[in-house]
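Below you will find the structure I want to go over with you.
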Amino acid sequence: MTLSPDPQFGDKLINLMAALVLVLQIAMAGHRWLVTNIRIFGVQPFLLASIAATIGWFNHAPHLYFAAILTLALKGIVVPRLLEQVVQRVGIRQEIEPLVNQPLSAIVSGGLTLLGYVVAESFHRPDAGGAPESLGHNTLAVAVSLFLIGFFMMINRRKAVTQVLALLSLENGLFLAAISLTYGMPLVVELGVFFDVLVAVMVLGVLVHRIREAFDSMDVSKLDQLRG
Amino acid sequence: MTTASLLPALMQLALLLAIAPLTGGVMRIAKARFQTRRGPGILQPYRDLHKLLKKGMVIPDTASWLFGAAPYVVFLSSLLAGLMIPMVAADAPLSFFGGVLAVVYLLGLGRFFLALGGLDSGSSFGGLGSSREMTIAALAEPAMMLAVFTVAIGAGSTNLSTVAHAALGQSWRFFAPSQMLAFAALLIVLIAETGRIPVDNPATHLELTMIHEAMILEYSGPYLALIEWGASIKQLVLMTLLVNTFFPFGLSPAWAAGGLPASLVWYVLKLLLLSGVIVLIETTNAKMRLFRVPELLAVAFVLGALALVSTFLF
Amino acid sequence: MILPALFLVPFAAGVLSYLARRRQQMEAINLGAFALTFVLAVGLAAQVVRDGAVEALGGFLYADAVSALVAGLTALVGLVTAVYAVGYLRDDERNGVLGGAPQGPSPHAKLRNCYALTPLLVASILLVALANNLGVMWVAIEATTLASVFLVGFYGRATSLEAAWKYAIIGGVGLSMALFGTVVTYYSARALPGADTLAGLNWSVLAARAGELDKAGMRLAFILILLGYGTKAGIAPMHTWKPDAYSEAPVPAAAILSSAMLNCALYGLIRYYALAHRSLGDGFVPQLLILFGLLSMGLSVPFVLVQRNFRRLLAYHTIDHAGIMVTALGIGGALGTLGLMLHMTYHTIAKSLLFLCAGNVYQHYRTDVFHDIKEGVIRSMPLTGAIFLMATLAIVGMPPFSLFQSEFLIVNAAFAGGHYLAGVLFVLFGAGVFAGAILHVGKLVLGPVGPEVPAPRRPWRDSALLAMGALLVAIAFWLPGPLLALIRSAAQVVAGE
Amino acid sequence: MTSIQLLYTALTAYACGAAASLLVARSNRLARFASFGFPLLGALLGIAASLTALVEGTAESAAVASGVPLLEYSVRLDSLSAFFNLALSVLAGAISTYSFGYVAGLPSKSAAILGFFYNVLLLSLTLVFTASNVFFFLIVWEVMAGAAYCLVSFDHGKQETRQAGILFLIMSHAGTALLLLGFLTLASSTGSLSFSAYHHAGGKLPELQRGAVLLLFFFGFGVKAGIIPVHIWLPAAHPVAPSNISALMSGIVIKTGVYGIVRVFFYFFDIVPVWAGTLVLAAGVTSALLGVLYALMEHDLKRLLAYHSIENMGIILIGVGSGLLFRAFERPNLAAVAIVAALYHTLNHAVFKGLLFLGAGSVLHAVHTRNMEQMGGLIRRMPFTAFGFLVGAVAISGLPPLNGFVSEWLTYQALLAGFGATGSLTRIMFPVTGALLALTSALAAACFVKAFGITFLALPRSAEAAEAREAPLSMRFGMGVLAAGCLALGLGATWFLPLFDTVTEQALGVRVSSGLVTADGWSLNAGGAVSTAGIAVALTLLAPIPALLTLLWKRGGDRRTGPVWDCGLPGLTAANQFTATAFSKPLRMVFSAVYRPRREIQADFEVSPYYPRAIRFESEIEPTFEKGLYNPLRSAILAIADRFRAIQAGSVHAYLAYIFVTLILLLVFGARA
């Protein structure tokens, strides 16, 4: 409580961290190595948790700390570990082999970021940036961009694990939107969402495992028996 | 039906029965003369009928009751049609039973049964004749209807008595283009319907060219007589239709004793003239191939259509 | 106390079944629970008809007529499929279909999965209908996906896993969009008093003050929700998981997915429609809905026409009907929403019945490809065949079956509302789907006597079939007064009148 | 009882029949009595109801609300409804009687199922003719189609039957879709679903909508009526149904299309544009002529009859179309005559086509084939059926003095009057139509000479035909009723026609049909007189003449049977006889432009081609509409649909991309107001 809560500062801080998350996301989209991807993904939750904590601090919203901790624990620590284990155990190739090559992916990601800003424009109120109650609202553009880039990654990834990874990174955008726009959903909802994410990761993990057993491959583009 | 109309009916009936074979005889002898032959004599059709009626008959063992019914239907329908047309007086005795449409359809009824009779024996000639007869009749029908319509539209009614009265009222009507065209169309139809050259040859018994004769090949004796007689009545009906609608000169307006003899004379004269025309056509043309007949009838159809168009053009 | 019990009963049944050791126990638990659920749902409906909307747990659960209708339909489908499932799964077990891969789960484990997951699925669907908070509703809808992924992958075949994967991934993306929409909605409601409490995302609160919502926010939220819950409902072009999932899931589960779960996704959409429409007015929201509805209807036509597999055919039918209902929602107004609610009711009954019929055919012939069945189904299975044909006629909107009534109301509403093009396309696509369905099912059901032996008696399956079939015929001619009242007030809730 | 109460009892009887036939499905005998006894009763009640309504000229209505707004079950029995119901009831009575015997050989369950759908069909038909709001009309309309589908598919073991049923149902539904659109356009302009609100409402629509509505209704009802070019289901579906059902289908189900057209064009519109009347007239002529031409080429007895149904629908539409034109030219009296002609032909066609199909059914029942080339000689084995069929054949050929002649005569008179009554360009259409009608009816006569001659006359062409047995009493009775109907409607035309007074009065505000009958009650008088009764009497009175002639001369002549002239071959066999194909050969050649015949002759010979061992001859005509219109359409639709399958090619990436692109598009174009 020594630091005086200057909303202006908070706003800058949040924007900076949000921008970092976005950079990481684009880096993921453009990066070639699977393990690196997982690691980058592992860094994102730290930034997100920080954003949550910052907003919670400036708005005196203690439940955001809770959300921050949950995110950190779940997405920052548990999920990356799990994924790395899967990668180790399955022994899949390290290279990602996206459908669209890396430079182009990066360009597409840039375009999607642009779109994020276009969408968020109607919500953008530069004058209100300093007030604590609208702190972080301007990160909506980042959130939308994160979401879209994550979505793009899902399309762009061949392997089941990488698709899961992309899905989770897409949800990071959601989280950012939730904390920055609304300072977190009501706690029950927040808990439910986390629980669902957890179960979803488990479900997808089991599926990945079974698919590998059944197909001897993690390449989901080979799953094309069901047509028409 | 009152007794007043019964007498004319009986008279016309008698006239029909009597002069129908005669028309055939006249035409036969005229044809012979045109071909510089002597011919069989004008009364030959009566002799033929007499002979046929007198003879016994052989019914095909494959035939059913229909075989026997057909000659009666043919005969009766022609006869009834004859009572619906004006012959010597504009007032046809049974014109209130039906106009020109009824006449056409009654003749159709006879043809229908005759064709069935042709099929009934099981002989392939009968079938062949029925098939060709029905085909030609069907193709002649639209031309006939158009011509009939032209006449009916002119008179404002399909009732033949009304038509005849209307015709009497307008002298020199024939020279209206519509009437001439309609007459031409109907003449072609008449030739087709009565089975004359160039459509059919009533005198042939050559397998491949027979139409009407093939159909009735299995008939003999009195049945054949009825069919022949019926056919001659039909021919007379159509000819009468032609002469009295298009050339109503001398036609007595009603069944009044005064006008009748003159009317009868006129009637016979007109018939003779028409017979001459038909015979002229017969002798100057060769029989057509069956599949050329539709072309002829198409000509008739076009004539009929033109007739119709000219009723409101001129 | 009906409200919490309604979803807790199947939830408990799911947990208990997972713990149960013997098949008979699982069957008994399922049957009992679903029967109880059905009774509770009817009780709830009666209460709602009588008293209007009810709340429980301090407003956490809320049931108005729409909720009661969706819950009631879910419970009905649950009960009927539970009866059917007993026969179906026994048959599967007898025929060794559950054997699976050597290292996969044992047949018993599979059965347990099925018997545990089905009630959980139903429980989450019921929670969707009963949750007042839109966030909780999202959680519950996500839960339905999670509960059903393994149902889709039940048989463990390569194709089942493929279907399950697609279902999970596409569903995951869809629900992320829906969550995003939920967040944006919450954001749009920030100006409302009490926005920062749990009740801030309660539908009953939002709906009452929908006019005060942030318009730009609601617009974005609606797009995201439409795509998100639309994915769950299988609206084109987010429909692609549907044929795969429906044709691979065990038939009782497929029946639930195609009727109750569709309703639940539409339910989510309907709730948001009410908010967005009240906030944004006519124009954007209805147009978007009509556009996607017609796209779904139109896109299902070619697939229905050239379909080779009857379970996939039914899936495309569901896409078509999702489109119909979304179009109806877009057309809106008193008539459109009434048509929607009626259609939801009728479709639920007819579609679940169709899946049950398809299940019988599939189990008897061991194939779901039209071409492989050379004889007329009606010859070896008269009851199934006759009901299959009847239900097909019903689902394509052939009178006297009641789907005609609802579709008629919808088209009528379209014309009355000036959506002429939509009305014409609606009818056109309807005719296309009709042609396809009759072409295929007519050939499947009717035909010569074949070499196949007549099917043995199947008491569980046939009684489920008969019950549902009788219901389908009955509602064609007569809708009970209270049910009609429920449907009408549900329509009023949506139309906001 | 009032007419509507009678109608209710009739409906109840049909409903009981449907329910009872399923309840007693275990016994064939009971099932037959339930399935056909109740509808017989219903038919009698229906006749009573219709006659009451027709004579009194009342229009009673009743309604039941469904609870759902707008959806109401309402009926109204006005004179037009009553008239169509009369035709239905007459036919239903005869067919029900016939069916007692017809289904006797079926397994009891099949008989019960047949009976169930039969009753449902009758019930829905009655309601189609009386339903008085859009919702209810469409329901019963589709129920009718559904029941008819089930009946057509009754013998579904055969591929042909299944395909015909499906074709029927799909086309019928497509027609219903058009109707739905038409009705809804009316509904959106009037704000009501009740027929009574549409009275003359069509004319008030904007021009474009009015045109659209007219076309929608014409083709929507036209499908059911089987008019060319939307007819192809009819020759497929009618032959494969059980014959009693074919009779009902051809006799009355297709008439629902006529009912609809008349109802819409005359009641919902005060005046339709000239082009619409011309369209109906042209469709009528086309259907009539092409219908009979296709019929001529058939040697499947029932399909031949089915094509004749198309022909007769054409004739009916000629009447309707000229009625519309007269109305457009403000000649209500003439319009009324035309309508009377059309409606009378509707009734007549129901009776004689019903009779012919029942006759064909008896033949099928006896020889188990529809192929005429395997029949022959049945007149001796089945004299009653043959006579019934002959009566039907004479009637359908429009020959006096039977009923077909009367209605065709009225049609001719309407057409003739049209020449003087309408504008200069349209007037020429009428006599040309008349000429083509004449061609049609002459061809019909040729066709029935063939149908009757090949089927019933000469030698049997197959062992089964030689062993044929006459139909049982109930079947004969059913045919007898309809044969008597042909006679009565023909000879008693002057007596029946005044029934149309209330119909034309409600439709056009004029009563003409009593005026068509002359004061003495013998003749019809409309631009010419005709008296079928007179013709019949005169024929009878003249009959002694030929009899007398033959008697007078025949003293010495005897009458013996002998063999047919067989060109000296050893005896006539069935193989020497003229065949149906041969019979229609001249017409096939004359109209080769229409038929585009294809023939193939293959001769096997050993030494010289002049002495062939075997000759195989194959000839078929081109199914123009199937080949030129429907097959390409179908293939195109299926090919396009097949292309769409690429969307669902199994790639989860593609699936995700669809969603992604949609999302992007919506965000770009939709997110900002």
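In this document, chain identifiers A, B, C and D correspond to the written order of the chains, with residue numbering beginning at 1 in each.
Everything below uses one rule, namely that contacts are C-beta pairs under 8 Å (C-beta built on N, C-alpha and C of every residue); 3 or more make two chains touch, one makes a residue touch a chain.
Fair warning: this is a prediction, and the values are worked out from it, not measured in the lab.
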{"item": "Both-way neighbours, i.e. chains that touch subunit D and touch subunit C", "value": "A"}
{"item": "Pair of chains joined by more contacts [C-beta pairs], A-C or B-D", "value": "B-D"}
{"item": "Per Cα centroids, the chain farthest from subunit D", "value": "A"}
{"item": "Chain centre separation in whole Å, for subunit C relative to subunit B (CA means)", "value": "78"}
{"item": "Euclidean distance of C-alpha centroids - subunit B vs subunit D, Å", "value": "35"}
{"item": "Chain centre separation (subunit A, subunit C; CA means) in Å", "value": "31"}
{"item": "Geometric centre distance via CA averages, subunit B-subunit A, whole Å", "value": "100"}
{"item": "Subunit C: positions in contact with at least two other chains", "value": "162, 165-166, 169, 173, 216, 220, 243, 303, 306"}
{"item": "Residue list for subunit D, restricted to those that touch at least two other chains", "value": "645, 648, 650, 652, 656, 659, 663, 667, 671-673"}
{"item": "Chain pairs that touch, as defined at the top of this document", "value": "A-C, A-D, B-D, C-D"}
{"item": "Subunit A contact footprint on subunit C (complex, rising order)", "value": "60, 101, 103-104, 133, 135-136, 138-139, 142-143, 146, 149-150, 153, 156-159, 161-166, 168-169, 172-173, 176, 179-180, 182-184, 186-187, 190, 196-198, 200-201, 216-217, 220, 243-244, 247-248, 303, 306-309, 312"}
{"item": "Touching residues on subunit B, where the partner in the complex is subunit D", "value": "1, 13, 17, 50, 53-66, 71-72, 75-77, 79-80, 83, 94-102, 104-106, 108-109, 111-112, 115-116, 119-128, 130-132, 134-135, 137-146, 149-150, 152-153, 156-159, 162, 217-218, 221-222, 225-226, 290-291, 294, 301, 304-305, 308-309, 312"}
{"item": "Residue ranges of subunit A in contact with subunit C within the complex", "value": "119, 122-123, 147, 151, 154, 160, 163, 167, 170-171, 173-174, 177-178, 181-183, 185-189, 192-193, 195-196, 199-200, 203-204, 206-207, 210-211, 213-215, 220, 223-226, 228"}
{"item": "Interfacial residue positions of subunit A with respect to subunit D in the complex", "value": "99, 115, 118-119, 121-122, 144, 148, 151-152, 154-156, 163, 220-221, 223-228"}
{"item": "Of all residues in subunit D, those that touch subunit C in their complex", "value": "66-71, 135, 138-143, 146, 153, 156-158, 162, 165-166, 169-170, 173-174, 177, 180-181, 184-185, 187-188, 191, 193, 637-638, 640-645, 647-648, 650, 652, 654-656, 658-659, 662-663, 666-667, 670-673"}
